[in-house]
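Listed after this line are the structures, all set down as structure tokens.
Here subunit A shows up in two complexes: once beside subunit B, once beside subunit C.
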Partner chain A sequence: MARFGMVIDTRKCVGCTDCVIACETENDVPNGFARDWIVQISNGKFPNAQVEILSERCNHCSDAPCVTTCPTGASHYHDIGGIVLVNHDECIGCKACIESCPYGARFVHPEGYVDKCTFCVHRVEEGLDPACVSVCPTHCMHFGDFDDPNSEVSKLLQSRKHHSLLPEAGTTPNIYYLT
Partner chain B sequence: MLEITTTRHNHLIDPILHAWNWEIPVYLFLGGLVAGMMIISGYFLFKERVKEDNCSCFYLPMISFVLLSLGMSALFLDLEHKLFVWRLYTTFQITSPMSWGAWILILVYPALIANILIRPPKFIANKIPKLAEVSQKLIEHKWAVKNIGVVNMLLGGMVGMYTGILLSSLGARPLWSTSVLWLLFLISGLSGAAAFVHLIAKNVYERELLAKSDNAFLIIELFVIAMMIIGLVTSSKSHMAAAHLLLNGPFASVFWIFVIALGIVIPLYIQLLAVNHKIKHTPIAPIMVIIGGLILRFVIVAAGQHSHWF
Partner chain C sequence: MNSLSRRRFLKISGASIAAASALTSMNSVVKGAQKVSEKTGKSVKGIQKIPTYCSMCFWKCSAIGYVRDGKLWKVEGNPIDPLSAGRLCPRGTGGVGAHYDPDRLKYPLLRKGKRGEEKWVQVTWDEAFEFIAKKMKNIKSQYGAESMGFFSHGIGGGFIKHLLKAYGTRNIAAPSFDQCLGPRDTAFEITYGDVIGGPERTDIENAKCIVLLGSHLGENMHNTQVQEFSKAVENHASIIVVDPRLSTAATKAKFYLPIKPGTDLALLLTWMNVLISENLYDKDYIEKYAFGFEQLKAEVSQYTPEWAYPVTGIKPELIRETAREMARYKPSTLVHPGRHSVWYGDDTQRGRALAIMSALLGNWGRKGGLINQDVFDVPSYPYPEYPKPKRENADNPNRKYPFGGAEGYTTGLREATLTGKPYPIKGWFVYGTNLLYSLPNMQETIDAMQKLDLLVVIDVVPSEIAGYADVVLPESIYLERYDELFAPYFKQPFVSLRQPVIAPPHDQKPGWWIAKKLGEKLGLQKYFPWKDVEEYLDTRLKMAGLSLKEMKEKGVALGEKPPLYFEEGWEPEFDTPTGKIELYSTHLDELGYDPIPKFTKHEEPQPGYFRLLFGRAPMHSFSRTQTNRLLTNVMDENEVWINADVAKRFELKSGDYIKLKNQDGIVSNRIKVKATERIRTDCVYIVHGFGHNSRMLKGAYHKGASDSRLITKYKVDPLMGGTGMNINFVTFETEA
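Take a look at the complex of A and B:
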């Protein structure tokens, strides 16, 4: 079984928001909503100030609370790589999944169903990278299979210091940030 | 110094999560109230109080039926994809409390109807004369009445617990991820129902009994709230921050004034005086308890959505 995820190099990311725009264009994200977003964290005081820029989205968690709390099964793990998806025709818009996601990764689409990042599953099925990964001008994002020890993402995790977001929330996120 | 900026401004999510508005607290409140009424009327059936002509077990099920339907309507109003609501009943998701709740509620209606049939309200009985025969048959069979009582108590307990488990299963919200929330909502539902029956009961014995039980429920409720707060402040930083939302944060004034003081402590004091015959029974105390229960759901839902991991 594959386990798809991303590795993002915070030392290369400049926060240009190209990934955000690529996602909006690729996935027809409605105006005013975002499936991915940029977070900038400034720490410390000059001259010891540090800035970390993170491109964030749904973490396609392996223990996804949004999947376990969904009463209709609309939120589910896709057969390919455990990508977490929402089946629009099964979603009743109860928003339990929104409440259960510690990352705020989901939102209500104006058409009523709940929407979020799909890792561009339609592209992944054709062997392509998600749109955000493919447009990044600094090549700071990498997409791949963590279950394959020889994949680029696995090797990056072996060779560099990294962290994920809120691992203490117990969701086993599949996006890692290289520091 | 830690400064965060984000480009995300999703509606209902940012800057503070408020995906659930008034509908969910109202649904949880009415669900809890109905749960309490089912337990109380089930208990009266079990105790064979059907012999009493003015037993509240004759009208509580009808009131529960109406209140539950109002609660379900509030839940329906909250759904964003309303036309797909039937999807709840094409599957059973064992890990989802909401799925459990949807199926339990399907069982609750027949249990309430069975309870109503023991003595159907006049406006229904007049229209369907056959119901009188059913009612007569049921009353003749003590075991049937007792079993309807037991089933109502069991299902009432499940609904009461469910209203709390629904929230506490959402671990992303530290305020809700406490193992006593089900108990708090169950007890608060029982206390609200006891107050309601105390308010409307025609039978003096029942009124007195429920005033006394309500006092016990209110004392237990205070204890459970204390347990919940202690559990949160001795847990992780995120849980501590969640407790402070209620203790001295943005929800503190509503929590202390409307939930604790006006919703529990003051009515408890009034009812203690009343059951000890120092003052006459007053409808003010039970009304305060009922409103306090509603505000409790509002505060917990709103503050819970405010709380987050960091």
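Take a look at the complex of A and C:
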């Protein structure tokens, strides 16, 4: 089995939003919506303020509440790497998944189904990185298999301090941020 | 030679690179690239990958446009491109949005109302050309050909420039010099006999210590620079950032120096003092290559860290510690020369201080420093000689600014238009630059335009300047056209091709076509001997040992890499009067200017006022991308950064809308407050380019505020004529 996820180096990220724009063109995300986004968190007083920049998206949780709450089975784990996907045809647009997602990663597509990050599964199946990862000019994003101890993402987690978002939500997220 | 580096000039005119070697170094990356049907553009099913180069900013990375079932899908970096290494910046990725921009210019327009009223009649291209040609002929017969002026930004202006030179004028200017990097390049020219250039000759990726002084890498998204900066961060380079604002780069720094605005030169002179008084500078290097060390030592002895403390607000120990940090990593300590450097009017002297710092650290010609660049030599098209203008250029009469005019002197040309001196300027072409937002003091530009018999604006979006035009010509965007070849000075020389990826959606036309057709109307056919641009490009490429056919497939051809460092064989030659790095400038001394920079105090804000600082956001370029819906999706208005304590004092909180009023009573559009711990209490900061008032820019109209409207005051650099713009102060007006 594989467990796909991302490791994002916040030391290198400059918050340029290239990941957001690349996702929109790659996946034809309708204007006004986004499957990924940038958050900047600032703490402390000038001039000693600390800033963390985060490129955020669906965490493709291993214990995904969106999958559990979905009444039709539209939200599901993909065969490859446990990627969390929404089957558009089965989605009835009830928004239960949107309510259950602690990350605010989902939205209703103008065509009526719930949409979100797919880790660019169509690219991953071809052996490519997701669009956000492959466009990043700072090379701060890494995609790979956490079940493979020799993968780049596994090694990065072994060698660097890191955190995930809202671990207390208990969803076992698969995106980690290096600090 | 004042205006253009002689070294570069010699290189440009000499065929130094063997074309054969360039050919063998090319790799095919794109298979199956096909010609787009320029008529239908939509007939091809499936996915086509077409290489071209970007124009979302001036960096001009090579890109690959993806067309899916005849529609533009996405744009990616070209993997063999030395600038992007296959990764575009957010604007480049968002270039798709420029093609689909609903607010773009669609048809040629002729003015119906008064200048600035934005009332138009749609006309045919032929009617537009008839109108322009008639006016141009009148101007030539009544005032002389030199009475036509041209303001241009970007490589796309090349064909129009050719047209105007053929017509008989050289009154051509670009804001990229006097409103941007002019002071920096002038300073390095004086000191080293060569410029920094663009893309900059900075070896960021190999630097062990990087000093950024007001240079906000990561917010200014110069692709190669940001990519290399990220590598330096990964390699644990020691980063020192000097900025009144905790910029993105500053958040990555080991040392952040929150300097009082306008005192950077004081800090630089004090760093020199420490490097010299503590014997930390590169003695061998200075002895071997530099001129005037003793004079420099004597001059900077007055600038002690204790003196600098009340001036700059930086504690003496921090000044000493950072100077020692730089010395520790020399010569691989890169004091970044910056780019946009028109701040206070003494900017060339500040640039000189940066140049001298680099010399003291021994980093010009060294790994991790300022390195050698070369160019892929592509001979120019064998055109007939241009007519010689009868009068000298109007922009800098009697060389008032001795180092002015490397790219023409913009505000000088504006002044000549306004005053009619030294002779009247009666016509302007404006290409790809929103002059109202790129030159300081908008009113002077508006007044100058009232003196014109003809104002032609060629652009892709209806910027504010277009609203004042007699004729607006809609150009196809870069993804829809052929353009000039791009072959810059860089550590890896290359040439790249721009070719159409997709057909323009309306009646937009490429610059080359506009120039040729108008040239024919003006009877200048002999200057346009090529049938079309493909013939023009193929002729030039063949002279360089390439061909259009292969360039259409690959997009980029690489040249031979020069030695980058002295250690690799780059000759340490300095084209200065003494043949050395001039710490003490004999040229400046001769002209009566300070041969070594001196600190002078700049005006400070009155109580209740704050210095207006401006800069860039990574997802926008100038004032030309604010209707690109892919980019507005991530940023559709700017905010004014106000120190959190100051905001509290004014009872402002983040998200409130206010207006900014400057020292001359000019009031901005409304702008959102960002109360933040990331800026000093004596200044505010906004991103340049927002605050549009052109009603034709529906997607950007009245979103955010424009720094350009508030920059009524500017201070001219006596050496090169650049316009220092960080000398305006604003206060807050809350909405009723």
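Everything that follows uses one rule, which is that the second predicted complex is superposed on the first by the 179 of 179 C-alpha atoms of A that agree within 3 Å, B and C clash if a C-alpha of one lies under 4 Å from a C-alpha of the other, contacts with A are read in each partner's own complex, and residues count from 1 in each chain.
Keep this in mind: contacts are C-beta pairs under 8 Å (C-beta built on N, C-alpha and C of every residue); 3 or more make two chains touch, one makes a residue touch a chain.
Just so we're clear, the structure is a prediction, and the values are computed from it rather than from any experiment.
Asks: So, does A:Gly32 touch the first partner subunit B, the second partner subunit C, both, or neither?
Replies: So A:Gly32 meets both subunit B and subunit C here.
Asks: Using the touch criterion from the header, give the chain among subunit B and subunit C with more contacted residues in subunit A.
Replies: Residues of subunit A touched, subunit B against subunit C: more for B.
Asks: Of the two partner chains, subunit B (first) and subunit C (second), which one does A:Gln50 touch, if any: first, second, both, or neither?
Replies: After superposing on A, A:Gln50 lies in contact with subunit C but is clear of subunit B.
Asks: Check whether A:Val7 is in contact with subunit B, with subunit C, with both or with neither, and answer first, second, both or neither.
Replies: neither
Asks: Check whether A:Asp18 is in contact with subunit B, with subunit C, with both or with neither, and answer first, second, both or neither.
Replies: In the superposed model, A:Asp18 contacts subunit C only, not subunit B.
Asks: Does the superposition put A:His139 against subunit B (first), subunit C (second), both, or neither?
Replies: In the superposed model, A:His139 contacts subunit C only, not subunit B.
Asks: Based on the superposed arrangement, let me know which partner A:Leu178 touches: subunit B (first), subunit C (second), both, or neither?
Replies: Neither subunit B nor subunit C is touched by A:Leu178.
Asks: Is A:Ser42 in contact with subunit B, with subunit C, with both, or with neither (first, second, both, neither)?
Replies: both
Asks: Taking the stated contact definition, name every residue in subunit A that is touched by subunit B in one complex and by subunit C in the other, in rising order.
Replies: 17, 20, 32, 34, 38, 42, 44-45
Asks: Inside the complex, what are the residues of subunit C that reach subunit A?
Replies: 73-77, 84, 87-90, 93-94, 96, 217-219, 221, 223, 226-227, 229-231, 233-234, 246, 248-249, 251-252, 256, 258, 618-619, 629-631, 633-635, 643-644, 676-680
Asks: For subunit B, which residues are in contact with subunit A within the complex?
Replies: 1-14, 17, 19-20, 78-82, 84-85, 87-88, 90-91, 93, 95-99, 101-102, 166, 169-173, 236, 305, 308-310
Asks: What does subunit A use to touch subunit B in their complex?
Replies: Going by the criterion above, the answer is residues 17, 20, 32-34, 37-45, 56, 65, 68-74, 89-96, 98-102, 104, 106-108, 112-114, 166, 168-170.
Asks: Over in the complex, which subunit A residues touch subunit C? Could you list them?
Replies: 9, 11-12, 14-18, 20-22, 24-26, 31-32, 34, 38, 42, 44-47, 49-51, 53, 134-140
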